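Chain IDs A, B, C, D, E and F follow the sequence of writing; residue 1 opens each chain.
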Amino acid sequence: MALGQFAYANNSNRFLACAPLADQPYAVCGIPFDGVVTNRPGARFGPQAIRAASLMLCDGIHPVFDVSPLEHLGDALDMRLPNASPLPEVRAHIERQATALMDKHHCVFLGGDHSVTLSLLRAAKARHGGEPLALVHFDAHCDTWSDHFGEPSGHGTWTYEAIQEGLVSAAHTVQIGIRSSGERAARDYVADQGGQIFTARELRGLDGAALGPVIGAIRERLAGRPAYLTLDIDVLDPAFAPGTGTPEPGGLTSSQVLTFLEELADLRWIGMDCVEVAPAYDHAELTSNAAACFVWTYLAGRVAQQR
Amino acid sequence: MALGQFAYANNSNRFLACAPLADQPYAVCGIPFDGVVTNRPGARFGPQAIRAASLMLCDGIHPVFDVSPLEHLGDALDMRLPNASPLPEVRAHIERQATALMDKHHCVFLGGDHSVTLSLLRAAKARHGGEPLALVHFDAHCDTWSDHFGEPSGHGTWTYEAIQEGLVSAAHTVQIGIRSSGERAARDYVADQGGQIFTARELRGLDGAALGPVIGAIRERLAGRPAYLTLDIDVLDPAFAPGTGTPEPGGLTSSQVLTFLEELADLRWIGMDCVEVAPAYDHAELTSNAAACFVWTYLAGRVAQQR
Amino acid sequence: MALGQFAYANNSNRFLACAPLADQPYAVCGIPFDGVVTNRPGARFGPQAIRAASLMLCDGIHPVFDVSPLEHLGDALDMRLPNASPLPEVRAHIERQATALMDKHHCVFLGGDHSVTLSLLRAAKARHGGEPLALVHFDAHCDTWSDHFGEPSGHGTWTYEAIQEGLVSAAHTVQIGIRSSGERAARDYVADQGGQIFTARELRGLDGAALGPVIGAIRERLAGRPAYLTLDIDVLDPAFAPGTGTPEPGGLTSSQVLTFLEELADLRWIGMDCVEVAPAYDHAELTSNAAACFVWTYLAGRVAQQR
Amino acid sequence: MALGQFAYANNSNRFLACAPLADQPYAVCGIPFDGVVTNRPGARFGPQAIRAASLMLCDGIHPVFDVSPLEHLGDALDMRLPNASPLPEVRAHIERQATALMDKHHCVFLGGDHSVTLSLLRAAKARHGGEPLALVHFDAHCDTWSDHFGEPSGHGTWTYEAIQEGLVSAAHTVQIGIRSSGERAARDYVADQGGQIFTARELRGLDGAALGPVIGAIRERLAGRPAYLTLDIDVLDPAFAPGTGTPEPGGLTSSQVLTFLEELADLRWIGMDCVEVAPAYDHAELTSNAAACFVWTYLAGRVAQQR
Amino acid sequence: MALGQFAYANNSNRFLACAPLADQPYAVCGIPFDGVVTNRPGARFGPQAIRAASLMLCDGIHPVFDVSPLEHLGDALDMRLPNASPLPEVRAHIERQATALMDKHHCVFLGGDHSVTLSLLRAAKARHGGEPLALVHFDAHCDTWSDHFGEPSGHGTWTYEAIQEGLVSAAHTVQIGIRSSGERAARDYVADQGGQIFTARELRGLDGAALGPVIGAIRERLAGRPAYLTLDIDVLDPAFAPGTGTPEPGGLTSSQVLTFLEELADLRWIGMDCVEVAPAYDHAELTSNAAACFVWTYLAGRVAQQR
Amino acid sequence: MALGQFAYANNSNRFLACAPLADQPYAVCGIPFDGVVTNRPGARFGPQAIRAASLMLCDGIHPVFDVSPLEHLGDALDMRLPNASPLPEVRAHIERQATALMDKHHCVFLGGDHSVTLSLLRAAKARHGGEPLALVHFDAHCDTWSDHFGEPSGHGTWTYEAIQEGLVSAAHTVQIGIRSSGERAARDYVADQGGQIFTARELRGLDGAALGPVIGAIRERLAGRPAYLTLDIDVLDPAFAPGTGTPEPGGLTSSQVLTFLEELADLRWIGMDCVEVAPAYDHAELTSNAAACFVWTYLAGRVAQQR
């Protein structure tokens, strides 16, 4: 690399110090919204923190895929969103801007709280033929509550809404890492609707080759169908991702998530988001580093598949 | 779960370890809302943090007023508020709950972001005869913007709204510590409407006896009129109050604010709020300690006056 | 002021936002004492922090046991304890207060440093027929030193004392996670006395089904005997529990501890404590979240067994 | 292991990187004891932190006194103290070790909580002819409570004890910076006994030349009498000293304390302590830097006077 | 302002969210170099942190000067510099890049450690006619050591070098805030050479109008001569600027520095740098906020003068 | 002042509270140099932090090896190094001082950034007969880049340099934990030269007995040859070692590293270093505790082998 290409001097505030978005095939876009979180807020700063952390990846050549997404990627910076408007209006803004981006690019969105995923799925479903999408959902929480503490929507209702609305196919929905408290109806909703849940409990002690059967089951279930990947960073154990709003002990390791991402790279992915990074509770950039690494791995996997 | 059953509102701690609220003359109440802040969120946890910090005051005997508010005080805990509703609905909830409390108690509210003060003024004006109230407003920001970055209301518009709505008398409004960036129309709004502004700049280097003329001017201006005190903790320099959303260098010291509070204790106060304490950015509890000390000083001053 | 009116003991928060203690079958009680720790102090604030963290569990329905302890639980708040008295006096205070609680409730105690467990075992043995109890002891440290750096007792001597005193049956004592430096006589004391030790080293890489043999051995050894559970949070690797006084690298994961707690829920538990949470060294509430989750899991397991 | 072999007492660092203590005229010694603090503990690590911070002073040439204490100073490292013994025993240990040091050196002690000062005054009075000493006491707290929340002694009773015991002459006692809550009998005790109190309130806004009258009054009152200096770091506003156990808003600035120390350097000082530095709550070493600077200023003042 | 123009969405990583540098009259440029700091490193991240903090200034209208520098300003991002090369080579790189920028813009540089100022003065002197420049130097340290602990140059030698090299006129050099330890030859060097020093000690308690005589003396001394402003953030007391490498207690307040900057805005400034912001030791962005505010005030003053 | 008299090198603490270095067989020595790190600096403070953390090991009896290195160990304190000199000069200083120490002691060095290892290998090769050494290299990074962002050397080139220079035998080099981004030529360099790489990916989920085959392969490859151990702390996942300059998610656990160190204790080790501990980014001393534990385990293993 050239003189002064250190992490600390690459301060372009674009993911991986990539170019501004033009006609690259892949786009990154931030959604600085955290208006409906029930515990610790601050995911509005997630996009900034993930981008800053991504600078340490230097030229971005992935050790597994042996490609860099750098030259294929543009950064659309952050969406412009209202600050004091009701959730449906915010969601409409997000959907509109996401639709425009998806029209021209394979997109990765940086949250923001998890409520934004509903808008992204609306845009993605429209973009990809209108059939309900397959969904891989990493999370400590099922996000299938049918209400938000008495209000209709929040960051814990979008999966329920997406299935009810036909945005995703329940039968092609896989949840990974679920473990929070909650009533059975919410906890088992995806399975009750025909989907599959791998709780954190079921994944304890499994990594590397030992994760093979789980990955095989996911690949088989989703084979061929356009699939969307949503990664709530709180799927990680709080030791690996302290900087999030609703941390739940007993979560996955960074290694486990990387194994999933690497091994499932050959699915028919149509987009991704990484949400709930709340930098105010992060230290030593643990959480934003992990998020940047996951997004980079997803993008490198895409680029490798397209070769 | 029911409205407002969030993690951050389930707090049963009480200010100064006082009794639960019954028929004490003074009440403390938390407003865990931070839905319209433009920078660092987290003031929803302000009430919890201020209460925890207040425990260090032990039996609460104030060294200047030589009384303790402890036996005269009850804690109403936190208001139950929606999490994902538009601001006007949240404000209606706050006004309703504040009205009920003010009906029976002299109240101090713990914010929360500064947007809550509009509701409190609505309740207070109704409670105190319907005449526009006098207002003493400590803040780094004028909070007189006529819009919130294109939306009608936020945490920086309430003073403008309160004057427009006739909740407070501009002529009897005093702002202390103002210093943030902003257009002249907002910065000078209170003065343009006949009120008085002591910018942080004008107060530099003045404390103790040297603050006498300033305090005299305030006392004279407000004499006899029912006055409401709103204290945005960011009036303090960030060195004294790091735990807030929009810190502005060049602010007041804790000592200066204490001088104001002690010297103005004989005004005709009808209520107080202390807002914008954002614990995620606090360290060593600097900010919540300062807020607790200010609230305690106000209450001790009230009790001393009533003797 | 009266005994135990310190700032750190004036906490009126309640675990899981449960009701104040009345005649619920289960009780939580804090022991804000850290008078005999040899390295980083601050476990006096453990009870406060664990309670605050527990609020994120919302209605407390456990995903494994599908019950909530919420309606069955009361919080006795913190014990009132002297601050500057010698350890034997403090221990007498604890024993007296614990005895009164155990008389009416199945109790979980939140420490405090590990020295408090001796008092709790004294009370528990008396309550449960006077036979030496079975003991499951999670810890990085064996706590079987025969002296405390030249003094008779500290937070590292209570297991030795409890066996010497006949409070627990060495043959029915199991230690899990032990790994600190120390002389062989202390490290192997429990095994030398007929008990069983699973060092952290022996548990490396074992979780989920792979922990089955270990759990089977424990269940077999303790079968039918009234058993007390003491969980020193430093059994976790410091990555999972930074907020403790004597962190030891190479520890258990949160997942491993959860596997133990869930799988051993059918033992004849008579009480639990969770100790050594030192919030001053915690960040992002990692440690208090883990502790709250463990206590909740224990309580949910109890409630599920009683159905 | 032997007495006082705790992690926190095994510190071999030396203040200002001076030589180990031999026959230098000045000695520094740590007292790693925080057994009777009522709020945030951790002052046991104060000596280590102050020494580490002192290293930034390089060759130690003071800009006001134009001398360095470096060549005149030895570091006696930390006292060996019991960890779980009652306060009177600890105090006896401290007194014994302090007496031995004072026999040969002009000493500065690094606390530790403020309870240690009673032992130091016992040793100092004996060493300096047995007459009650003059005392200059910087603190946010009066430390004249007649009991410690129902126990006889703690870190807030030593001034009362020292006056009662005749260790210091009340008439020659000056308190500076007092401001905490507390009953009048304690707050005014020193004045009631004939001494002088400059509350933080009285010092607001006074620094540099404006402090002249206060300093003059102190010099006049203490003139010629052997005087002991005790500096509780919480005399500083928490903005300047966050790392302490009982921070009180509205305190002195570092500048004000330096003005006192520099201007009073010509008094007949016989020893000093700097106490209540609790590093766990410090950030960026603010508090230990301030403490190191104050100790260095005292020592440089001594050396300058002796030339 | 328009929708979504909040601080947290303006993540352009340019100071004040200004445009990329083109032909604007004013330029900001980062110098991410911290290779010769003697204590805590990390000033390489100063430029990033100051830019991020500047986003809170929104549209940048200054409350004293009633102008915004926003439309007049471009950001040249960070200089490209070697990481492992000797200081003279790094300085040559800086000088070359600074020269190119100064050729077209009035520049403000964001450090980096203070060693960079020598290069900037070399470029500035050449640009402004070759006469030795006037210099206003805010710092806790005199930076006039004649060697760097045995090496020729470091971050504490540049003032000495600049005077020796004839880059600045000693008679027109003013130092403000000096207070660190150090030998007399270094401490008094600027005064010995005919310049003026206002130590932090001399400025204690002076702010607002009370600073008038000091400001008058500076204005008189520098009148008419092209003057360069270098602001080492450690001139602030560590309470106001914890995030720096060599913090020195007893420093200036943010208010005092603002008074200087505002009152001296009418001097013939030709450029500025703000150095030694080390974000790893910052908390709540105190230090980078202060630095951003100072740079903004300088720029607003420039723009106001040019109207 | 003399060479290397910086604040950060004036540390007189000693590892494990051992004696000053005299003629003990084992020596610890700090190398406070971080001049060529590309991201977060601060490893200059690594030696201090590791020593402080080691104090918690008390008498140092290792639970696996049942010996203590305490009586066999001396601490040479920190090397005196220049601060602003080019890397080759610094390396010459290190080599000279290391050579002198290795002459008389089996040495463990505490970094400092990883560039220092080249000097240590030069000294070690000379000391051990001049044959290329075997090397076990724990790291997230391959450190085999052939240049340092355009400069010849940095902290990521030393392995390349050591192989090129014949300091180590590529065929007897084993890398463990490698996972960062980077071009294939660098990533596979050691394997391409005949050595062996166990990436972090290959080690996922393997610990305890499951690591047996890996350990067997290493033992077989290195059997009998003098081997040097270099442990870059960033081999750990950032959850276990946040305090480092270039953290890479997906790393090893502390347990895995301990398994390697314990199981490979019988190799023919001739020296060790532990590098890249950057305390400014550490919290709760996680990273320095882990490093101290690893160094202690190595030393205990050595002592146990020598019995």
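Quick note on the criterion: a residue touches a chain if its C-beta (ideal position, glycine included) is under 8 Å from a C-beta of that chain, and two chains touch if they have at least 3 such contacts.
Since the structure is predicted, the reported quantities are computational estimates derived from the model, not experimental observations.
Trainee: Which neighbours does chain B have in common with chain E?
Mentor: Chains touching both chain B and chain E: A, D.
Trainee: Between A-F and E-F, flag the pair that has more C-beta pairs in contact.
Mentor: A-F
Trainee: Roughly how far apart in rotation are chain D and chain F when fitted on CA atoms, stated in degrees to the nearest 5?
Mentor: The rotation relating chain D to chain F comes to 180 degrees.
Trainee: Half is the threshold here, strictly exceeded: which of B-E, A-C or E-F has more than half of its contact pairs identical to C-D by residue number?
Mentor: Repeated interface of C-D: E-F.
Trainee: Using C-alpha centroids, which chain lies at the maximum separation from chain B?
Mentor: Measuring from the centre of chain B, the most distant chain centre belongs to F.
Trainee: Rounded to a whole Å, what is the gap between the Cα centroids of chain C and chain E?
Mentor: A distance of 54 Å separates the two centres.
Trainee: Roughly how many whole angstrom separate the Cα centroids of chain A and chain E?
Mentor: Roughly 41 Å separates the two chain centres.
Trainee: Per the centroid of Cα atoms for each chain, what is the distance between chain B and chain D, given in Å?
Mentor: Going by mean C-alpha positions, chain B sits 37 Å from chain D.
Trainee: Residues of chain F that touch two or more other chains: which are they?
Mentor: In chain F, the residues touching two or more other chains are 1, 5, 7-8, 38, 40, 56, 58-59, 149-151, 205-206, 237, 239, 281, 283.
Trainee: Inside the complex, what are the residues of chain D that reach chain E?
Mentor: Chain D residues touching chain E: 56-64, 66, 68, 205-211, 237, 239-240, 253-256, 258-259, 262, 283-286, 289-290, 293-294, 296.
Trainee: Where on chain D is chain B touching in the complex?
Mentor: 39, 178-184, 187, 199-206, 237-239, 242-243, 246-251, 281-283
Trainee: Across the complex, what residues on chain E touch chain F?
Mentor: Listed in rising order, the residues of chain E that touch chain F are 34-42, 44-45, 82-87, 148-154, 246, 280-281.
Trainee: Taking the touch rule as given, give the residues of chain A at its contact with chain E in the complex, in rising order.
Mentor: My answer: residues 2-6, 8-9, 11-13, 30, 32, 44-45, 47-48, 51-52, 77-83.
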